[in-house]
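Down below are the structures I want you to see.
Each of the two complexes below includes chain A, the first together with chain B, the second together with chain C.
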Partner chain A sequence: MTSIGTGYDLANSIFSPDGRNFQVEYAVKAVENGSTSIGIRCKDGVVLAAEKVITSKLLKQGANKRIATVDRHLGIVYSGMIPDGRHFVDRARDEARGWRDNYKTPISTKDLAGRMGGYMQAYTLYQSVRPFGITAIIGGYDSELETPVDGEVGSGPSVGAGGKVEGKKHGGPFLYMVEPSGLYWGYYGAATGKGRQAAKAELEKLDLSGDGESTGLTLEEAVKEAARIIYVAHDDNKDREFELEMTWISGADGPTKGRHLEVPETLRKEAEKYAERMTAKDVEDEEETKEGGDKMEE
Partner chain B sequence: MDHRPQAWGRPRDDVYGAYDHSYLQNSGPRQATQAPIVTGTSVIAIKYKNGVVMAADNLASYGSLARFPDVKRLRVFLDSSVIGFSGDVSDMQFLDRHLTELSIDEAYEDPSSDSKAGQLNAANLHKYLQKLLYKRRNDFDPLWNQLLIAGFDGDSKPYLASVDLRGTSFTSPSLATGFGSALAQPIMRRYAATEEDAAKLSREEAVEVIKECMKVLYYRDARSLDRYSIAVVTKEGVELKEDEQLEKQSWAFAEQIKGYGTQTV
Partner chain C sequence: MFRNNYDNDSVTFSPQGRIFQVEYAAEAVKQGSVVVGIASKTHAVLVAIKRNAEELSSYQKKLFPIDEHVGIAIAGLTSDARVLSNFMKQQCLGHRLTYGRNMPVRTLVDMIGSKAQINTQHYGKRPYGVGLLVAGVDDHGPHLFEFQPSGMTEEMVAFAIGARSQMARTYLEKNLDAFADCGREELIRHGLKALKESLVQDRELTIDNTSVAIVGVEKQEDGTTKPQPFKVYDGQDVSAWIESVADNAEAAPATAEGEGMDVDS
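So, the complex of A and B:
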């Protein structure tokens, strides 16, 4: 690497002459070696999925969750250094709680992404700290109902000041990805970790925006696709066992009633079966084309 | 002229002579809540075979003034328990926010959608609130409420308990706070005097008893309202209706009441 021996990579807060912060770039490398996580935003919700590599047979099945709940309607999944991710989630929970204390209302996904982006960025500025070795995907469903006030006891005025606006659309599903530099964008589909290239290629094939004539993916379809993408992204390192972890968030009238919850076991199993079937089919297709190619040569 | 804020709105010294500021000083001991301000009246609840039914009217009174007629005093906790608040409404809001925080903390540990195991049940919640209210009374800063907590205990049996602003707690097949303990409790005991009796009650019977009690309370409690909330807690969850109207009222008995107010008889 060009950075080695130049001295510009020895500390945070030092730019190289060509304008790079090497410590941040090394942090990105830590992420690129982490196990894959993805997020899908579709029209009626968000799905988060993580590939949890089983490092030891002594670990309990289904324990040591990779996806964390931050507030009722918010979840975070991350790739890279797990302890960094744990701290990131702690901070996100503090932010969400602080927001509720101040404003008596749940934090929006956008605001949380902003706060957490700022937090990550602060760790690129000082000698005394190192950047986060994670890229985090933040998924949330901001309530489409009249914004509920914590501790509210009545229904409020029906007209006049503080009254309701007929037909106004609130909230919806949101997905953000925060990188070690503190950079964050909103996404329809996000992927990070070892299998991110394959995952991104698959995500791009999905109809997530729901623009134009298409209706877009439903939440249940997105769950299945998420499972398939994690399976596809895992293909390269087949030797190691892994567990699929998935959570989802729907609107108030959806299956999770606006909450960030683990995908129910039955649906997860179904999705995994679908994923196994699809990945097996892909392999067959590949072999067929190979054989076809051989024949052509003959 | 004296422009300091302390002098605002006070008689001018140069016109009326020196003003006696002594009463503005708070030289006595620090005083926390001495009385509730905006209050909710009775909450009543009764156990039945498969759960608990609870009700409270939708009124928050300011003294004897029916100030807020749209105040929901039954709160659902984690989709599995209900808390009924009587007493100070601002303290209820404080507790409600505190419990919201608590339920979010619970979700950190257990985001699974199909298992309620490991979550705080009604018995845990009651114990927690009892400790909280008792702590606040020991700080001489009580939360001016009496609460009823309904749901299920660790053995999945219907659970109903009460805790008040002093931290006093008890449990019973039927419970009522405030005026309800005098007016509704005797009626409920006719149907569920013991746990065995309560275990024989059907859901319909329990709801009927509660509705009857709400009606009696509205007849006799001058701080009550005919719009009320009713919650049924079952193993499947909580069914909460927040805008019910008292039905089949008959005020014929009022003719017989003598001896109050402006009556001359």
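So, the complex of A and C:
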């Protein structure tokens, strides 16, 4: 333990002479040791997936959920210190409820990400607290429908500030990732935790942006890919068994009717089979190339 | 000499992203005497070894009722457990007042989880130095949860915490598949056998140092189920169970005995 932070890393909210906040960087380390979580945004929805490493045979199977519902259209998955994640989710639920109370309408994914980013950031400002040891992925589907506001009187202004713009679309699937520093970005595909590097590499291969002529992945395809990516990301520590947990959110006309729900068991099983088949194939391919290489040497 | 600078409080991460104060609190759990919990489809049981400070003193209680349908087993700092216990009692009572029914066990456990997490993130606070096993029944049947000082809570099929609890956990892992279909008597016997695994050499279960608690749902004759409230048994009430798992309960060799008893029960 050589002087990594040379004294500037012993308390939160302290800048080192070169402008770093070491405690926040160490919090990121806690995330990097945690189990893998990913999120995929496609045209017709969002998929969240978590790898749950089974630390003991005595754990009740399928009972300990890691992906939380924050509002009917919002889900959060996190990597790192699980109790911190629970606290984060509690706060997110408070924000979502508070928003509904104030504005009589559900919070948008973007606004929730903003609120939660601010909350995380506040924990980097004071010596009296420590940063969150988690990175959270927030997925949501904001309604595209013309939703009447609860208790609305009249129809609101038709022009000017707060008025409607002809032909402008709103709502849709969104995905954000919040880091311990409070920094957050919107993503097409997000990954965090131990297997994030492998997962990111796989996410980048997917057609998620829907640019150009391609229509991009469908939600069901995204579920299968999410399962596969978790399997691939787990590959490094193969000896430890894991459970796969997946949730999804579609639009009002999709399979979840705009809600954040657990992926149905039949589809999850199907996705897991696909994941197993694909990862097994990868290993075979590798071995083939290796054998080929040996022969060449001979 | 090497000194760890990162372990003075619970608001400082080590360069590896660990919080030592929380890890040390988890060590306090291992200082407490062992408690075991098992859940089946119909019951959840808690069994514990009680310790006394000296020969003539009384034994420290290990099992506490929280509400009609929930109870806890503790390992670690008893006074911290009392704080959590009082909190849980209040929450259960409040829930019953507002909603007119028992609090779901998971909801209750999540509440102490959140409470404990706050102590790991704020300066001037310390993590709770106690681990809990929470057993209870709700609309979804019996449950068993483990609570750690970090605020981590997980639902288990069976678990053991406290001093030398690894031995008990090994026993539980070995018999894991049997638990789901066990009745209350079998479940208690499994619990006591697991407890015995963790006992120090030449110590044994006595009516003074053993506590048993049960909660569950009992099938009625008309097919309906009736909740069986959380009840703690001490002293003379546990003697029959202790005898039933005694080494000389059957005059068979130690190795064959375990198997024989499983078949009998």
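One rule holds for everything that comes next: the second predicted complex is superposed on the first by the 274 of 298 C-alpha atoms of A that agree within 3 Å, B and C clash if a C-alpha of one lies under 4 Å from a C-alpha of the other, contacts with A are read in each partner's own complex, and residues count from 1 in each chain.
Criterion: contacts are C-beta pairs under 8 Å (C-beta built on N, C-alpha and C of every residue); 3 or more make two chains touch, one makes a residue touch a chain.
As the structure is a computational prediction, the values presented were derived from the model and not from experiment.
When the two complexes are overlaid on chain A, chain B and chain C sit side by side with no clash.
Put simply, more of the residues of chain A are touched by C, taking chain B and chain C as the two choices.
When the shared chain is aligned, chain C comes close enough to touch A:128, but chain B does not. Centred on chain A, the angle reaching out to chain B and chain C in the chain A superposition, using CA centres, is 80 degrees in steps of 10. In the superposition on chain A, contact of A:18 is made with neither chain B nor chain C.
Judged by the touch definition given at the top, the superposed model places A:262 against chain B, while chain C stays out of reach.
In the superposed model, A:63 makes contact with chain C only, not with chain B. Minimum C-alpha separation, chain B to chain C, in the superposed model: 7 Å.
Contact residues of chain B toward chain A in the complex are 60, 68, 70-73, 89, 92-94, 96-97, 100-101, 103-104, 107-108, 111-114. Listing the residues of chain C that touch chain A in their complex gives 2, 5-6, 10-19, 39, 110, 113-114, 116-118, 120-124, 144, 150-152, 154-159, 169, 172-173, 176. On the side of chain A, the complex with chain C involves touching residues 1, 4-5, 9-12, 22-23, 26-33, 56-60, 63-64, 81-84, 86-87, 90, 123, 127-133. Partner chain B is touched in their complex by these residues of chain A: 65, 67-69, 71-72, 75, 93, 96-97, 100, 104, 150-151, 153-155, 247, 256, 259-265.
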